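Next come two complexes, and both contain chain A; in the first it sits with chain B, in the second with chain C.
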Partner chain A sequence: MEFDFNSLFAFIIFGITIGVVYGMVALGISLIYSGLDIVHFAHGEIYMFGAFFGLVMAKDMSIPYPAALIGAMVLAGLMGMLIERVFYRRLTRSGGGYTVAGMGMIICGFGMSVALMNVAFLIWGADAKPFSINLGMPLQLGNISIPQSYIITAVISFLLMGMLHFFLKYTKLGLAVRAVAQNKDIAYLMGINVPVFISLIFGLACALAAAAGVLIGPMQSVQVEMGYLMLMKAFAAAVVGGFGSLPGALLGGILVGIFENLGAAYISPSHKDIYAFLLLILVLMIRPSGLFGIEAKVKA
Partner chain B sequence: MLEIKNLHAGYGRLKILRGINLSVPKGGIIALLGGNGTGKSTLLKTISGLLPVMEGSIEFDGEILERIKPHEIVKSGLVQVTQSKESYPAMTVEENLMVGSYVRSDRNAIKQDLEKIYQFFPILKKRRKTLSGTLSGGEVQMLVIGRGLMANPKMLMLDEPSAAIAPKIVLEIFSNIYKISQTGVTILIVEQNVRMALLLAQYGYIIRDGVIMLEGKSEDLIHDPSVRESFLGGTVTDTTRELSA
Partner chain C sequence: MKRIMPSQHKRAKPFQRSKQMKKGNKLISVLVLAGMMLSAVSAMAGEIRIGITMRMVSENGQKYGQMMMDEIDLINKGGGINGNQIVATLMNDECKSDKGVANANKMIFQKKVHLVVGSSCSSVTLPIVDVTAKAEVPQIVPHSTNSKITQKGSAWVFRVPVSGRFYGGVNAKYTGENIGTRIAYICAADAASQGDCEKMQGQMKSQFGASPVYVAQVQEKEVDFRTHMQKIKTANVDGVMIAALAETMARALVQSYEAGIGPEVRRIGSSSASNSPVPAIAGDAAKGVFFTAAYSHSDKRPIARLFNEMVRKRYGIHAPDHDFSQAYDLIRIVEIALENADLELTSSSLKQDRIAIRDAIAGVRNYQGLASGPISFCSDPAPVCRDGNRTAVLIAYTKGGEKYELEVLARVTMPMDFGL
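What follows is the complex of A and B.
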C-alpha cells in the first residue's frame, strides 16, 4: 500500500490546531503557576464554563460567534478573579506553593474543580450539548479539506497568544506582571500593587481558558465533564514545554496535539488520550525540566 | 526625613524589634550596623511596609507610615534595595531597571535617569540586553541599586550592599553610594562591614537583639572599644600587623 502523505499532512494540521488550544490552556496554568506559585487544578472547569458561556451567548442569545468569544473570555476572567479573591487569596497570602498553605492550595483547587462542575451540572444538566455554528464551506488545501472551525481556531489562538506576548514583553503593565510573577517581595518594594496584579494574572489565565473552550466547542460538543481531560492534556503540554515557560506552553501544546493525532491515526484511535501522557513521560525521561524548562524556581 | 520612635515589630507573634529609636536627617548618610540575626533586615522590612508595626511609629517626610501599603510607601519616595542577588534573573538588565520606574509616569525623565544610572555603572550599559541572571554578584548589586534609583527616591535604604562581593568591587559600589548621596538622596545603609559603612556614613547605630545598643558619630564609633571588640576584630594596628605578616 502506498503511503498517503496527504492524510499525514492533514493529521499534522489538525494536531497543530488542537495543540494551540491545549497550549492556550497550558499557558494559563503556567501563568498562574509563575504568578501565584500554585498549580491551579480547577482550570479545566474554567475552560468548561467558558465553553458554556460561549454556547449560551451564541445559541440562546444569538450573539455573533466572535462577540460570544470575547464575551465568554470577559465573563470567565471576571469569574476567575472572583474565585481568586474570595477563595484562594487567604491561602496564597499565607505563602505560596512552597509552604503548608501551598498544600492547602492544591486541595482547594481540587475542591473548586468539583464544586464548579456541580454548579455547571445544576445549571446546564449532564447532557452533551452540540455547539454548531455555520462557518461556511471547508477550505480546500490541495487534496485536503480543512473545516473552517479549525482555521478560525488556529488563527484566533495564535492571535490571542501573540497579543499576550506583546502585552507581557512591551508594555509597562506587562513588565509589572512579569515582576510580580518572578518575585513578589521585590515587586512590592518597587511600588507595584501586588494583590491587584495577582488578580489580573488570574483573570488573564481564566480568559485564555474560556477562549479555548469557545474554540473547541464547535469541534466537539459542550458538556459538564469536558474540563478534566483538557486539564490533563494542558498539564502535559505545560510540563512538556517546561513548567512556567510561556513559549514552552505553546510549543508543548502543539507537540501534544500532533503526537495525539498521529497516534490516533497510525496506532489506535481508541487510545487517543494516552499519547499525550506517553509524550509527557518520554520528555521527562530525556529532559526532566521540559523542553523550554528553566531551573526550578527556588524561594530564599 | 525618617523618624522611628519606640518601634516594636516582627513576624507573626514573634517580636524581633523591641523599641527601636532611629532618625535619619535629610541628605545624610546613616549606617545601621549589626551581625546576623540582630534585626537589621526586619527593621527595613517594617519600614517598607512588608511587616506590620506592632507598637511605636515610623514617620517619613512628615507622614506616619503605619498602615500604608508597601507600594504606597514607594510612591512617597522611600525605596528599599534588598540584599544582592535579588534581581529578576529572567529579565534583561534594562527591563530590571524599568521595573524600578514603575511608580513614575514621566517618560522623558525616566529616560534621562536611565542614562544617569548607566553613567554611574557603565558595566550595566554594556550588558543592558543580557539576562540579569548571568551577572556577577557585584554587577547584580549595581543593578539593584540602579533599579532603586529608577524610582526617583527621596531616600534610599540599602541592605548589605557589600555582602558576598569582592572587596575591590565593594569599594567601587561604596564610592557610587557616596556619589548618589551627593545628588541629594538621603541614605540609610545597613551593613555588617562596619569599617566600610562607618567610613561612608556620618552617623551610625549599632543594633543587637532588636534594640539599639549604641549610637554616635562615625568617628566616635570607630574608636569605641566595644565596637572594636565586637565588629572590627581587635585594634586597627593589629590588623595592619597581620596584613604585613
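What follows is the complex of A and C.
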C-alpha cells in the first residue's frame, strides 16, 4: 500500500485520541501510587464501572451525555472512596510499597478486580452494550474524517487533566494532597486529616477512570471485560511516563497511543497490542525510571 | 497374673465397644455404598445421557442452551424416547477450547454420556472432535461452521449448520457478480472467522481470479479498527468483509462508517452476522450488511412462523437468529436418531449404544426442519457425509437496531463436494 501523509496524519490523530484516554487511566494509577504507595490492579474495573454508569445514565435515564459523564465520575469517585475505606485502608495503614502489606495490597487489588468484574456481570450481563450518542457528522480534514466523538474525547480529556493540574498546583486542598503524597507523617503533624485525603486521592483517581470509560464507550461499546486491556495499556503509559509522575502519565498515554497506531499501520496490524509493550521495554532500557520519573525515588 | 486396675478396666471397655461398633459401622457403610452404587447403576440404566457444551456467556448463548434443555424436557414429558428418559447435562465452555475439552472429558468419562452436543464456537469444537473420536462417542455440532471440523475424518462427528466451505462459495459468487472483486478483509482470530475469511478469499480467487486488496488479522475481541479502516478507505475497495464474532463485528462496522467509508462500499459479514448483537450494537451501521446463514426469521413457511412465535414468547427474542433454529433442528434430529437407534441402555451396553446412536444419526436423510435446506447424513467419515446442510441463505440487513429487519437475497444449494 502506498505511503500518504493524509493517512499518517490520521494515524497520529487516532493515536492521540486513544492515548489521552490511556493517559487518564494512567493518571489515576499514578495518583494512587503517589498518594497511597500502592499499585491499584482493580483500576481497569473502575474504568469499566464508570463506562456502565455513563451508559445507564445516558441511555436508560436519558440524561444528556455531558451530565452523564459528570454523574459517572461522581458515582465512580464515591465508589472508589467506599472501596478504599472498607477494603484497602487496613492494608494501606500498615504501609505500601515493598512491605508485606504492600504485597497484600497488590493481591487485594487482583481480588477486587475479579470481584468487581463479577458484580458487573451479575448486573449487566456479558453482552457488549452499544453506547451510541449522536454527536453529528464527522469532521472532514482533507481525506480524513474524524468523528466528533474523537475530538470530544481529546478535548474533555485535556480539560480534565488541566483541571486536575490546577487543583493540585494552585489550591490549598491540592497542596494538602501533595503533602500527603510526599510524606504522610509530616502531613499529619501539619494538621492534615490524612485518611480523608487518601480517600480523596482514591476518589479522584476513580473519577478519572470513569471519565475515560464514558469517553471510550461511544467508540468501542461497553462490556464487562473492557477493563483488562485498558489497565495493561494504562500501566504501560504510566511506566513510560514515569510511575508517580502526573504529566508523565499523560505523555506516556499519548506516546503509547501513537506508537501502537503507527505500528499497526506500518509494521503489522495483527500485533497492535504488542507495540505498547515494545515501547515500554525500549523506554525502560534507556531510562528505567520512565520519561518523567525520579531516578532515586524509593517507595516503602 | 497382672491385675487390672478398675480404672484401666473402665477405660478398656469403651475401647472394645468402639472397636465392635467400628466393625458394624464398616459393614453398614459397605452395604449402603453397595446399595447406592446399585441404585445409581439401575437409575443410569434405561436413560439416555446427553452432554451439551456451549458458549453461554452472552444472553443469547444462554438462551440457545436453555432452548435445548427445554426441548429435551418436552420430549421427556411426552413419554421420552421409546419409553426412555433423556438426561441432559448442560455445560458452559465460554467459547474457550480448554474449557470445552474439559467439559467433553467430564461428560464422557464421568457422566458416561451417550452423545456429545457442542460446541457453539469452532475453536472449541475442533479439539472436542479429537476427544470424541478417541473415546468413540458420537458428537453432533449445533453452530460451528469451520470446514476443518468434518475434514478431520472422525467417524463420530456430524454437523447441523452449513459448513464454511458452502458459505464462502455463496458469498464469493454474490460479491463477485454484484459488488466487485476489490475486497478488503478483516479476519478475527477465532476459528470460525478464520475459516470464513480463508474460504471467501479462496473462492474469490478461484471464481474470479481476485486477490485480496487488504487483509488484516485481528484479535478475537479487538476494539479498535480505526487504523485498518483508514487504510481500507485509501485502498478504494468495492467491499469489506468483516469476519468476526458478533460483538467484534458490530464494533468494526460502526468504526468503518466513522472512518468515512461510505455505504457504496458494501460490508460483507461472516455467518456470525446473523447473531442479534450485530444489528443491536451496530445500529444503523448494520444496514446493507449481507451475509450467509442457515435461517432467516423473515422465512414465510408456517413452521418458521410458529418457531419465531415460540421463541418470542418463551425467550423474549424479537427475531430469532440461525443459532436458535440450528439448536432446535439439532434436538429434532437427535430425537429422530434416538428413536431409530437400537439401544439397550444398560450399564454394560454403553459402547454399543454409542455406536448405535452414531449409526442412527448417520441414517438421518432429508430432515426438513427450520434449516435453509434438507439435512442429510451418511456413514462415510468425510465432509460430504457429515456436513448435513448445504443450502445457504443470502441475507441482508435492511434496518439495524434492536428491532432489526432482514431481507433474503437468495437461497443457494451447493454440490456436496463443493470447496473440498
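Observations on the model:
The working rule: the second predicted complex is superposed on the first by the 295 of 300 C-alpha atoms of A that agree within 3 Å, B and C clash if a C-alpha of one lies under 4 Å from a C-alpha of the other, contacts with A are read in each partner's own complex, and residues count from 1 in each chain.
Quick note on the criterion: contacts are C-beta pairs under 8 Å (C-beta built on N, C-alpha and C of every residue); 3 or more make two chains touch, one makes a residue touch a chain.
Keep in mind it's a predicted model, so treat the numbers as computed, not measured.
By the touch criterion stated above, A:143 is placed in contact with chain C alone, chain B being left untouched.
In the superposition on chain A, A:119 contacts neither chain B nor chain C. Set side by side, chain B and chain C differ in how many residues of chain A they touch, and the one touching more is C. Applying the stated contact rule after C-alpha superposition, one finds that A:159 touches neither chain B nor chain C. In the superposition on chain A, contact of A:190 is made with chain B only, not with chain C. With both structures placed on the common chain, the touch criterion links A:61 to neither chain B nor chain C. Across the superposed pair, chain B and chain C touch chain A at no common residue.
Interface residues of chain C facing chain A in the complex, by the touch rule stated above, are 57-60, 214, 216-219, 221-224, 226-228, 230-231, 233-235, 247, 250-251, 254-255, 258-260, 277, 280-283. By the touch rule above, chain A contacts chain B in their complex via residues 172, 175-176, 178-179, 182-183, 185-194, 294, 300. For chain A in complex with chain C, the touching residues are 1-2, 4, 6-7, 10-11, 14, 18, 125-130, 132, 138, 140, 143-145, 147, 149, 219-221, 223, 225-226, 229, 261, 264-265, 269-270, 272-273. The residues of chain B lying in touch with chain A in their complex are 48-50, 69-72, 74-75, 79-80, 82, 86, 88-91, 95, 98-100, 102-103, 147, 151.
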